[in-house]
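Going by the order they are written in, the chains are A, B, C, D, E and F; count residues from 1 in each one.
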Amino acid sequence: MYTVCVRDHFMIAHSLKGDVFGPAERLHGATYVVDVEFRRGELDDAGIVVDIGRATHLLEHVLADLDYRNLDDAPELEGANTTTEFLARLIFERLGARIASGELGQSARALESLRVCLHESHVAWAAFEGRLPVAPS
Amino acid sequence: MYTVCVRDHFMIAHSLKGDVFGPAERLHGATYVVDVEFRRGELDDAGIVVDIGRATHLLEHVLADLDYRNLDDAPELEGANTTTEFLARLIFERLGARIASGELGQSARALESLRVCLHESHVAWAAFEGRLPVAPS
Amino acid sequence: MYTVCVRDHFMIAHSLKGDVFGPAERLHGATYVVDVEFRRGELDDAGIVVDIGRATHLLEHVLADLDYRNLDDAPELEGANTTTEFLARLIFERLGARIASGELGQSARALESLRVCLHESHVAWAAFEGRLPVAPS
Amino acid sequence: MYTVCVRDHFMIAHSLKGDVFGPAERLHGATYVVDVEFRRGELDDAGIVVDIGRATHLLEHVLADLDYRNLDDAPELEGANTTTEFLARLIFERLGARIASGELGQSARALESLRVCLHESHVAWAAFEGRLPVAPS
Amino acid sequence: MYTVCVRDHFMIAHSLKGDVFGPAERLHGATYVVDVEFRRGELDDAGIVVDIGRATHLLEHVLADLDYRNLDDAPELEGANTTTEFLARLIFERLGARIASGELGQSARALESLRVCLHESHVAWAAFEGRLPVAPS
Amino acid sequence: MYTVCVRDHFMIAHSLKGDVFGPAERLHGATYVVDVEFRRGELDDAGIVVDIGRATHLLEHVLADLDYRNLDDAPELEGANTTTEFLARLIFERLGARIASGELGQSARALESLRVCLHESHVAWAAFEGRLPVAPS
């Protein structure tokens, strides 16, 4: 199995709903440093899993929809508890849909799985991994 | 699959038994920076794998039993070769037993696996991963 | 010159005022991973710059006043532009005042300078360094 | 499952063939920081996956064949597109062959899999993982 | 004193001239992860040392002139020994000249010094720091 | 000012004397990841601060005298409180004496200062920096 991983980050405000979160029920924020792993069993004709430049741009576009926002006010996230785990899956779904619609090119349709990891500090991170293809939304 | 990871560290003295260890047969020591990954297929009602605060405290308690000790003198480890691999599994077992006894709450009983990784330097680490539940000792 | 450094983090929401900030004028947030360096020319009688445990607790207390908050609503910061640089100096001032009032013990009065560095992502940080003592506020 | 990982690096020049690579079609270079994970289900008699010292030396020997070279001029790589993914697999194959021929000792024949990860910058890496034994070449 | 630091990277081929370099006399390459620190005694009217976004773009432009090249064939570097130290100073000079010519805006003319650090692996880096302004070339 | 830095590590057991150390009065241990910075105002004829390979070997030799030992039993450290700060200075002195006696070659006599930083965990480090030459012991 081959993997390629690219890294970027985004910075948001939000609050979490539920007694378990204690002080994180208050409006606060986070920098999320995001690692996305792209995986497949065989390389494509160019000898790669996915072009690192294109993968980086794809991630940049997906994160731009979240960056510098208060997620509590995001209409598309209404009712969601935007935990790190939830955001990892959200980014997985959005990346997967764009890959399925061809944004990484034909060869990327052979990608078998993605793993999205969000580092919220130097001592904690959360990740979601799942199989591809994801149906376009 | 979702994962949450928390990090802490502990500092011990020990010696290793066996010709393969060369100078590490002498009494020396290590800082172990510990990453513990908690994994499950679905999030709980609060939208999390496990509460990062509670997971951090659980790890802190388990490491407190080892921290600032000479493991060669630990009665409960008598006869053991306290390699990094051994310690990774030991911490896995102790975390697993505490989770099974409810220390992370009811929801955490749905955790499917743990991975415990001990970084012994900037160029070497060892890990143990296994399924949950672990029977309480 | 001797230095001791300890690390912790805090997570806040805020917005920045000024055209230069572009999208950061919107309410967003950040995780700040904080490194504080304590410096002095000679060690104390115990052979240290400052006790790492006490320094860690002091930093924890200072960061607790900021953690999990929306800085735009903090009465004590009214009118301030809470840039990373500003927050680095704010934490410097607060640490300095507590050191001057004896919270790190008598020996710590010989500290000559502090440097406070806030990492806002894997690709950007800001720092403030200055001499001690800082007058208690 | 137990894992032990060791880290080293090598520095090479090369160019990549194919329109997808854009400016990387030109002769350029890279530092690859290499993490090799050795995995097995049970520890050996000494309580380890593999001796970290021996594993480090094995990796050093394998990387020495690549280090400080222009891979475009390497006869043994003629016709290959030396992408990060390709190099990860190449190192996997070479490590696997040496393990199969006994260079890590008898106990290491129980290793079940290897993962070779090449970090090409602070924002991108590629890896190959596969099962052991690999047939000696 | 305030500091802001931004990080980027570039990837080059080169060879070094001189017996001291041993195998590095051969054509090889490196990834350089570059940290640039901008320093000044007082913040500007917006409360910053320099805008992190603008600083990041400036660094990107300066590195683009070096990225994905064989430095042995760069006409503007003819006769130079492109050691890590040399490259750190080269980037310092180029950044300094652009700052002097106003590319970071008026406020950035108050910058007092720059430090350019090039990480060539996980175990070695080199840096150059100097005062501003640097005369435009 | 130019700087070159190399990294290595060592692993020791020790105990600290004094009430301030709390549990660290017990015999325990640490991995110290060591960064040594070599500094000078002008490069030598080869265009370097110091040869990274030679600097790495020098550090290796100095650390070999401490590695895999119980410092409480080291005759040459009798009576010393082997805090991280103390060890940083000890390594500074030993490196400085070897440089003064020519182990890094003639050119290295132009080195102006050294900084030795010991990382004892992911959240704490200590350093000593001083001017060269140090008198050979």
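To be clear about the criterion, a contact is a pair of C-beta atoms (placed from the backbone, for glycine too) under 8 Å apart; a residue touches a chain by one contact, two chains touch by 3 or more.
Note that the structure is predicted; figures quoted are calculated from it, not measured.
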Number of hops, chain D to chain F, where each hop joins two touching chains: 2
When chain C is superposed on chain E by its C-alpha atoms, the rotation angle in degrees, nearest 5: 120
Reference interface A-D: repeating pair among C-E, D-E or B-F with over half of contacts shared: C-E
Interface residue overlap between copies chain A and chain B, same or different (over half shared): different
Between chain B and chain D, centroid-to-centroid distance (C-alpha), Å: 28
Geometric centre distance via CA averages, chain C-chain B, whole Å: 31
Distance from the mean Cα position of chain E to that of chain B, given in whole angstrom: 42
Numbers and ranges of chain B residues touching at least 2 other chains: 7, 122-123
Chain C partner contacts - residues on chain A that touch it in the complex: 7, 9, 11-14, 23-24, 26-33, 67-70, 73, 120-123
Residues of chain D that touch chain A when the two form their complex: 18, 20-22, 80-81, 83-86, 88-89, 117, 122-130
Complex interface listing, chain B residues touching chain A: 1-8, 43, 45-49, 51-54, 56
